[in-house]
Amino acid sequence: MISRRSFCKKSLLIAGGLAIPFSSLELFDPRRLEAEKNDGKKVRWVFLVDTNKCVGCGFCVKACKTENEVPYDANVTRTWVERYVVTKDGKTHIDSPKGARDGFETTAIDIGEGKFEEIRNEDIDKAFFVPKLCNQCDNPPCVQVCPVGATYQTEDGVVLVDRKWCIGCGYCVMGCPYGVRFFHPVYHVAEKCNFCYHRISKGMKTACVDACAFGARRIGNIKDPDDPVTKIIMTERVNVLKEEYGTKPQVFYLGLTKEVR
Amino acid sequence: MVHGEAWTLKEFFVYPNEYIYWTIQIVMYPFMTGLVAGAFVLSSLYHVFGVKALKGIARFSLVFSFALLPVAMLPLMLHLQQPQRGIEVMMTPHFTSAIAAFGIVFSTYGMIVASELWFVYRKHFVETVEEIRRVPAGDRSPLTQLRYYFFSALTLGAQDIGHEALEADERAVKKLAAAGIPVACFLHGYAGFIFGSVKANALWMTPLMPVIFICSAVVSGVALCMLTYILTMEIRKVLARRKAQQYPELPSHHELKSAEAHVVTMTAKYLLMFMVAAITLELLDLIFRGYTAVKSWDILRSVIYERDFVNIFVIQYGLGNLLPFVLFLIPGLTVRRAAIGSMLVLLGVFMMRWNVVIGGQAFSSSLSGFMHYRLPIWPGTFEEAKEGLFGAVVVAVIPFCIFYVLNKVMPVFKETH
Amino acid sequence: MKNHVWRPLYVVLLVIAAVLVTRKILVPADFGIGSRGYMYGWHRPSNEQEWKEVSVKYRTAEYCKQCHPEKYNEIKQSPHANINCENCHGPALNHPDDPKVLTVDRRRELCARCHFRLEYPTSGRGKIRGINPKTHHPELECVTCHWPHDPRKEGHKI
């Protein structure tokens, strides 16, 4: 039998116990949540590429190689431009001769081993250029697989390579689904685009952004709601490359279509 | 020149920075660790599970596994762009990377094998020391004196070879061999994980990869041990015939022959078992890819069924799996047939590694182009020497040299002179 | 001699101690976990500073404007307004101290980067006025007839 006295006692206890979890509701302070979403950091660099504007001049590639001291004649590059020509027979022809360092000097498509495929203008359904660079992923697989901690992500989201610590195993090169990494021909360590870290940290724009006369490339800070790049990403229909790998890439594209690899 | 450019041919659209960065040395790496793991598992079958029939080959494969061990690391060092920094894997390991565990797993395994060898050979070390001790210090040649110091150091000061102490040794061997099996499997299984976890590579990414690697590792290790065992026995038979009159107490030609035949038949059984497992898994992987046919299947299909058809179906499956399978299954297995069979098995496993490592880079991650690997035969540059045929041959030859040296310290066939 | 079984373990412990000592010597003092955690932030933080110190080669048109305002103003009012000086003149670096003179790239290929006619209907390239460099006065430099700072004006002429 439950006495009235013990019943009251227990009810009070239960009510009191229930009150404890409710007190946690106080945590849901909107201002505090907003602050947590931004996790206190002020900068997260992102990139915006407008493929509609790119004309394939390759000035970005030229500037990048000079600015970042990647040997000009070496067949590797931190950024490159791809040409897509979709013909009426449904085929997609893609090339990027020398990463488009010299732009596209012929109408023929480079199909490797010194061979070219000529395409007649009247066969073209659509044709466009797509600049590529490191996506500075939020979940960078290249960083995850580095066995020695020689590549890492900075607080502002840029993935860097420590040239004094890299052992040159190539696992990061293999781990990148976008093929942006390579071995530096002089330093013999992993090399990649780092959004011109020396420039953006001085308040400048990247060399490729400055070299682009068409506004196809833009860099911005996604943590800053007034940044024009942030505004576009937030309000327009942007896309990213190879989302299925779960890498959360931070280079956003306008005008991406299914043919783009 | 850019690393990789010397041996990569590109066709259709390949990203500008893509080259075949992982070359023949990375084929050698899983092949060599596979041999290490396989040889160890074979020796453990006797030590742990008491498969008496394998006694003849157990000690042999243990020493051979130890000889292969440093060579498992060599291809990795040869392929690093900064080999002098390789030690960093032990200094600042980043365990989210499959490679980071290499230093630790490798050294753990090395220590287990070394300790096991110490227990197996402690009696021999002590006996050698005692033998030299009988010679008065003044009469010893400098070489003998050196040998004395060396073997004394090897005993680690434990010079008791009484019955009880030796029994303790045997128990320790059994425990170490048991502990070694999972570590050996881990050492190699995780070599499979290194590939299987690369999500950017459509051919590599499968959870089956580590298991496939372990099975084929055991297959290749057993095959190599069998082959080397047959070779050494042949040499011993020739020697036995020559020395029959001089040392009548040595095992005779016929004794050796029957012992050899027995060991080979038994080992072949285990070889077949592991081979069935390996092939089953590989085919399962292939069928599964074809059946699910995800985005990457188009390009994988053209790599598997067109570009690499000869490498995969003719050499790997045909010559390397089917033919030795038949050779081993035909009743009345002869030593010669077993030798040919194991050679083919080794070829098959090597081609499997090749088709995984090189085949995985035969297509661009754009899935729109192909890359061909042109193996550098003549070493024109240092890079081509390191990552070409020359480097691979060096890696393949060194374990036999080490085995030769080890055999001087730890004689594999103790009963001989 | 009862516990001789543990002898190899002592060797192992010795090896481990040796590794730990080398680790202390070889690993930079600041090596550690950064803001992205162990998975993405395991690194040597002083490297971030090393990257920030890379020299800037392309100084942008604003830098050129300080000494060449007339050129700057001319191109900014032309259809070439968006082209950066350094695209054709090369990186300024520390010009005029080092280098004293910039080499202008006057090759036809430079202009052809944009003005080689490609009939690409869905790309900005298709809207740029272009020529075929093989048939359009192949023997002349473009600047002979076209003034790059303002293509509406005439070029150098010979």
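Labels A, B and C are assigned to the chains in the order they are written; within every chain, residues are numbered from 1.
Note that in this section a residue touches a chain if its C-beta (ideal position, glycine included) is under 8 Å from a C-beta of that chain, and two chains touch if they have at least 3 such contacts.
These figures come from a predicted structure and were not determined experimentally.
A.B. asks: Among all chains, whose Cα centre is located farthest from the one for chain C?
C.D. replies: Computed centres place B farthest from chain C.
A.B. asks: When I count C-beta pairs in contact, which pair ends up with more: A-B or B-C?
C.D. replies: Contact tally favours A-B.
A.B. asks: With centres defined as the mean C-alpha position, give me the chain A-chain C separation in Å.
C.D. replies: Measuring from centre to centre gives 17 Å for this pair.
A.B. asks: Nearest whole angstrom, what separates the Cα centre of chain A from the Cα centre of chain B?
C.D. replies: 41
A.B. asks: Let me have the rounded angstrom distance from the C-alpha centre of chain B over to the C-alpha centre of chain C, please.
C.D. replies: 46
A.B. asks: Counting only residues that touch at least two other chains, what does the list for chain C look like?
C.D. replies: Answer for chain C, listing residues that touch two or more other chains: 31, 39, 42.
A.B. asks: Which chain A residues reach two or more other chains?
C.D. replies: 144, 149-150, 165
A.B. asks: What are the residue numbers in chain B that touch two or more other chains?
C.D. replies: Only 88, 91-92, 94, 96 qualify.
A.B. asks: Quick one: which bits of chain C touch chain B in the complex? Just the residue numbers, please.
C.D. replies: 1, 4-5, 7-12, 15, 19, 22-23, 26-27, 31, 38-39, 42
A.B. asks: Quick one: in the complex, what on chain A touches chain B?
C.D. replies: Of all residues in chain A, those touching chain B are 74-77, 80, 82, 92, 94-96, 98-99, 111-113, 132, 141, 144-150, 165-171, 173-183, 185, 188-189, 244-246, 261.
A.B. asks: Under the stated contact criterion, what part of chain B meets chain C in this complex?
C.D. replies: 87-88, 90-92, 94-96, 107, 111, 114-115, 118-119, 156-160, 165, 168-169, 172
A.B. asks: Give the list of chain A residues in touch with chain C in this complex.
C.D. replies: So the residues of chain A touching chain C come out as 41, 52-59, 62-63, 66-69, 85, 102-105, 107, 121, 124, 126-129, 139-140, 143-144, 149-155, 160, 162-165, 194, 197-199, 201-202, 204-205, 207, 210-211, 213-216.
A.B. asks: Give the list of chain B residues in touch with chain A in this complex.
C.D. replies: Where chain B meets chain A, its residues are 1-5, 9-19, 21-22, 76, 79-83, 85-86, 88-89, 91-94, 96-100, 102, 194, 197-201, 295, 364-369.
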